[in-house]
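Both of the next two complexes hold chain A, though its partner changes from chain B to chain C.
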Partner chain A sequence: MSYLTDNQNKDYLLMGNEAIARGALEGAVSVASGYPGTPSSEIIEALSSVAKERNLYVEWSINEKVALEVAAAASFAGLRAMCVMKQNGVNVASDFLLHLASSGTRGGMILVACDDPGALSSVNEGESRTFARLVEIPLLEPGDFQEAKDITKWAFELSEEIRNLVMIRSVTRMSHASGNVRYGQLPDTHARANFRFDGPLSDPETGPVVSMIVGASELQHGPQQEKIKKAAEIFEDCPFNTYEGPEKPELLIITSSACNLYTREAISLLDVKDRVGILKLATTWPLPPKLMKRHLSCTDRILVVEEVLPILEENIKILAAEMAHEIGPKTFYGKNAGNIPSIGELNPDIVASALSSILDVRYETGSERFAEEAMLLVETMAPVRGLTMCPGCPHRASLWSIHNALEMDGRKGFVCGDIGCYVAGVFPGGFNTVKTLHSMGSGSGIASGFGKFKQFGMDQPVVAVCGDSTFFHAAMPALANAIHHKSPFTLMILDNRGAAMTGFQPHPGTPVNAMGEETPSLDIAEICRAMGAKVEIRDPFDLEETQQTIHHLIEHQEGTKVLILRQACALSPERKDKPKYKMEVDEEVCLGENCGCNRFCTRIFACPGLLWDEEKGVSKINDIICVGCGVCADICPAGAIKREEVV
Partner chain B sequence: MPDNLLKDPYNIIITGVGGQGNVMASKLLGNMLVGRGYYVTIGETFGASQRGGSVMSHMRISGKSIWSPQIPEHKADVIIAIEPVEGIRVLARYGNLTVKLLCNSHPVYPSSVIRGEAYYPSPEEIETSVRNMAPDTTFIDATGEAVSLGNPILAGVVLLGTLCGTGALPLNRKDFHESIANRLENQQVELNMKAFDTGFRLLKN
Partner chain C sequence: MNVLGSNELSENVINRNLCTGCGACIDLCPYFKSYRGKTAMLFSCALPQGRCFAYCPRLEVDLDYLSEKYFERPYNSDPLGFYKSIVTSRAGKKFTGNNFQSGGTVSAIMYFALEKGYVDGAVLTGQESILPIPRIVMNPEDVLSCTLSRYTAAPTLSAVNRAIEEGLSRIGIVSTPCQTLSTAMLRANPLGEKDFTDPVGLVVGIFCTWALDFRVFEPFIASRVDINTITKIDIPPPPAEAMEIYTNNGNKIQIPLEEIRNLVPDTCSYCMDMTSEFSDISVGVLEGDPGKNTLIIRTERGKMIVDEAAREGYLIVDDMPEINLEHLKWAAGNKKKKALLKARKNGMVNNRGKDKISYIRLNNETLEEIIV
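Coming up: the complex of A and B.
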């Protein structure tokens, strides 16, 4: 039994994501789906770990749009359902999301979106909250770990009450942070599914479930707006909206999510709790007007503390403008006024500095001298850790070969990158091979375009990379497009057997699913062949053959080609702690700086498992870091790096 | 109410490089403390952790409430550095003259250093400059100890043992045992206990 399904009367230390998962269990979820993405992945992982025990159906879907469709089906059949994704995933799901919000739901349904302010592990700091307003569904933002659990449970009830899906937005510092959580009861697990469709089209419980009926907005858009009005009414008494502070604060801070915790800390750092009130909102869209009016009436100065876009701030300003004749004019502080930075994640220091200037109190972070000396120490003694790949990573070998083949070709070929660990290809750690990088599958789509510009005189070889999970997620349509339009580029599928970056979640190409059951695994090579591409498969650890193959593929610029570079991730269960080779550098053979090879192994290839011995002026293997893939032995032109098979 | 802490909230940062067991160390410590009745808040920065990036866990321990998952600048009470240069980075931003620093002396070189583009300070340089900033610093060859126990990943547990040995927190061997007993296999429990004891003893000598 997992600690997630325990029922003891004590505190548990739960990650925000685990708290959301527990909340879903307490809220009698039956179906959960998602696509992996930091910082959201642990929610589905947690639920899949207890799926059997709790009679759940959990799946890692092929992409976020399909995940939302799977969860919606559960809701249509009367089950409670949850769908989980990171902020970028909501963009992918958004087409269906708009239609779903319009058709409405039956069984309680929650969309959990985990944003990543500051883009700590994303390619952008996208803002998913905008979608709630765009598609007119209620938005909830938990302000601590206990609330992450409690709000999730509550969201199912809310969803059933308004018959529409409810969005919960978390952020990295909530999802990937941990804190004390007390459990509630787990319900019994005997949900039954049945899809009813015999009733009239207009009956939300018994009729067919369809999105907007053409030209008859009153049939659906009208009722949808009634739902959001009803949510606002319910929000007036939501127990998760709280106020703490004096009756008539000098400054009212309105905040939500992790910013609630930063703000509390800032108030304590400056010791201004007698002057400042904090209204922590869990229901950030739509805002409950009466509650807002009560609080806005108590003061003339308002500071909104939130991350990424000033969405809360703008919504409050709209209300304040509408109520101006009753509540009087207000001074607003926040992102628009420049008190709170408009980019990046916040922290207690940032909020404290904002408060310090608004309230005109001094904020000292520590001795100035310490801070100055510390800065100097970091500059001189703490070299930056750039983004690179793990020791023994197959992507390093793949990018190395792609890089060399393109150089050898000499026509300024380039790589259109994609989302996965191979984003490091933008940097020296991946030999600066990647020249475009956007969203999931976009490398292939962009390459499909580039390939067609011969008529405009462009003859640079075009290569795209994508991972195995990314291939299924979004690269397949782009590949079909390219083949159909005879776009001559080479797609390198870096198949490392699972969504490695987010922790080896299964995908349609793996032989097990999220429930741990055996499933048919789709053969990427056969799919590409069936689509009409010329397909080769190589082991990227075989550098010579891989490079020859790539050279050959890019030389002749006809048709769309696929090269599958297949080798398991260095951290995968099949390779982790199982070195294939014992490595050693023969100091006699290594010519060091004089070898004319420009210290290939360390300066250029730079696997973290290698070291440069300054004193001896030779290369060395770092036994603690090296995972024994053996590739560097083939990098050294002098043959100084020896590998011996581990038996 | 649990025992009073030296300070409330008591702030600990565990830092290192991805793959060094940072997250596991903070989880273990957090579970011990929650078991003792405290409120614990942990903020993790492990976005690039799998790829040899800097990682950091901020821990807030309190008898009263949850705190922010990010510690304000210069407000750390203890820094556990599984990697020395990461210790310097954290010391600079979150340290102060009275911070207690427990530092693994074993370096993990950034790729810029392997490439020969950046300089990695010598152990002597690290020791002198760090002690200058944080007089209450202890250097330990935690990785060396962990390797002799059979797995470098145990360095974090060695350092946790050392932390408990300092008496900075109301924790003992039993708390540690409880926190791992139902999460790990028997053989692993034994190994982790050995690592903990090694760290605990290191400071006593």
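Coming up: the complex of A and C.
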């Protein structure tokens, strides 16, 4: 039994994502789907760990769009369903999302989007909240860990009441930080799936479920907007919208999500709780007008604190403009006025600084010295490393061979990349190999384009890289496009046996599913062959053979080729704590900084398992970090790095 | 000698298309590699001084220093460099090979030197398909696998670096003039290493007016003949004016030299040496007689080995006709003058001052004599 399914009414220390999962369980979820992505992944992981016990169906889908479709099917069949993804994933799912919002749902359905302000583990800090307004569905933002659970449960009820999807938006500091959560009751689950479609098209309960009927917007778009109006009415009394502070505050702060926590801390730092009030909104779209009017009437000065873009701020301003004759003119502080930045993650310090200037109170930024000292500590105690891959990472070996082959080839070939641990390929840690980097699978699509520009005089070899999970997620259509259009490039699929970056979630190429059951694994090589590509498979740890193969593949730029570089991730269950070799540097043989080497292993190859011994002027293996892949033995020009097979 | 590092090498030579692809900087370390005839720097090594720079025949070639070292006097303006004698030659009866470029002199001498132990290994240039491949040959018989000329630049000297690494101490080298120059620099211990010993036993230089870029030559040839059927590529001595390609179905394809000359890489126009002036002996074709070689004997050691090879029947030598010598001098002098003028025009000769890198350094008197 997992602590997630305890049925006692007491406090548990939960990570925000676990709180959301618990909320889903208390809300009688039956089906959960998602695609891995930081900071969202733990929600599906938590649910899959109790899937059997709670009779759930949980899956890691091939991509976010399919995940949303799977969850929608559950809702159509009357089940409660949840779909989870990171903010970038909402972009992927957005095509279906618009249709789904239009067709409506049956069983309560929630889309959980986890944003990553500051792009701590993303390639951008895109806003998923805009989608709620764009597709006209309600948006909820929990303001603490308890709410993360409670709002999730409540969202199912809301969804069923308005017969449409409800979006919950979390952020990294909400999803990944932990706090006390008081459990509620877990329901008995006897959910039955039944998809009804015999009724008339116009009946949302019994008819076929279709998105907009061509040329008849009144039939569906009209009712959809009624739903959002209804949501706004419900939001007027939503228990998760709270106000704290004086009756007539000097300044009203309106905030949501993790910013609620930062704001509270900032107020106590400045000791201004008698002067300011906090309206913490959980229902950030649509805004409940009456509630907003009540609070806006109490003061003339309003500060909006939110991450990342001024979305809440703008929606409030629209309301304030509409109500101006009743509530009078207001002074707004926030992003547009420049008090709060429109990029990056906020923190109590940023909010306190904004408050100190607005309220004209002194704020000693003690944190500045603290930050300095912390940096100093970090610098003296931890080795300085650029963004790189783990010790023994197969991507390092793959990028090494790709880099060397392209340099030796000398025709200015380049690599189009996408999202995965191999984003380090943009930096020296990945030998500066990757020259374009965008969304999942986009390296393959971009390469498909580059390959076709021979008629404009472009004849550089073009290479794309994608991961095994990314291949299924988004690279397959790009590959099909390239093959069909005879675009000459080589797609290198860095197959490390799972979605390693986010924690080894399975994908269609792995032999288990999210719930640990055996599943057929799809053979990437056979798929590519069937599509019509010439396919080679190599072990990237065999540097010599890999590089020769790459030379061979890129030499003549004809046709679309696939090279599968297959080697398990260093952190994967099959390799973790199972070093293949015991490594050692022979100090007598090591050339060190002399002509002939100049620290090739530590300076250029730079696996973190290798260290430079300043005193002795030789390299050495850091036994604690080295995972014994043995690759560095093959790059040492002197043969000083010895490997001995571990038996 | 002025020696810097790999960054300066890549900046001044590779990035400016002056690299001859000689291979002197290859296999010293992991930073430089040769692939399909082209040298590439994979990463920046950033050492302030290194062998790559020191050996490169396109950087800081101090002709007076080298002349003093090998011929005990400053560089002079003789179009053929310093030599003892010039003769004609061809392989003798003791040497059993037959598929030579011309007289087989080069192969016969290397065979002889290996057999007698004058060299403990020979660095030659063989081929795979038509791509030249550097080889270290230990067995006299294997000299036969590397006969004939590859008219594309080859990273031959990478095999010298490997041979040294493998511990050979009397290496025999067959090298084109740029490679011969680089070998002379290597033997001069440019980095002043303490326990240095000259690892070279014999340098047989070959004549050269240009070598093509493999990457240009291969598609050029492939568009005319199936590469897999080629048995020999020849440029017979003047007055013939064509490249001849023989195939295994008995065909002979002729390509006018005019067309080939269009493919000559720019770096060859900077090369002032036609006859491998810093070798022990130099060998070229003999004008008017495709079955014989021109043989220039330059050093004591070269003379000793040639004499002995002739005495023992490995080599047949004869007098050099005066008219041939005149033509040879004219051609070599012409190449030298044109190259020096071009190098000087581009600011690559005798640069003075700190951080000023030169390609060639030589005394002013000789410089003036050559370029008049």
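Note that in this section the second predicted complex is superposed on the first by the 627 of 647 C-alpha atoms of A that agree within 3 Å, B and C clash if a C-alpha of one lies under 4 Å from a C-alpha of the other, contacts with A are read in each partner's own complex, and residues count from 1 in each chain.
Note that a residue touches a chain if its C-beta (ideal position, glycine included) is under 8 Å from a C-beta of that chain, and two chains touch if they have at least 3 such contacts.
This structure is a prediction, so every number in the text was calculated from the model and none was measured.
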Q.
According to the stated criteria, A:L303 is in contact with first (chain B), second (chain C), both, or neither; which is it?
A. neither
Q) On chain A, which partner touches more residues: chain B or chain C? A) B
Q: Go through the superposed model and pick first if A:C421 touches only chain B, second if only chain C, both, or neither.
A: first
Q. Which of the two partners, first being chain B and second being chain C, lies in contact with A:S178: first, second, both, or neither?
A. first
Q) What is the contact status of A:L610 with respect to chain B (first) and chain C (second): first, second, both, or neither? A) first
(Q) On the A-aligned overlay, A:T602 touches which partner chain: chain B = first, chain C = second, or both, or neither? (A) first
Q) Intersection of chain A residues contacting chain B with those contacting chain C? A) 604
Q) How about chain B: which of its residues touch chain A in the complex? A) 17, 19, 27, 30-31, 34, 37, 39-48, 50-54, 66-75, 85-86, 88-89, 91-93, 95-97, 106, 108-116, 118-121, 125-126, 129, 132-133, 143, 147, 152
Q: Mind listing the chain A positions that touch chain C in their complex?
A: 403-404, 407-410, 431, 551, 593, 595-598, 600, 604, 635, 637
Q. Which part of chain A faces chain B closely enough to touch in the complex?
A. 11-13, 38, 120-121, 144-146, 172-174, 176-180, 258, 261-262, 264-265, 269, 347-349, 352, 365-367, 370-371, 373-375, 377-378, 380-391, 421, 424, 428-429, 500-501, 571, 599, 602-604, 606, 608, 610-612, 622, 624-625
Q: State the interface residues of chain C toward chain A in the complex, per the touch definition above.
A: 28-31, 33-35, 38, 40-43, 45-47, 49-51, 191
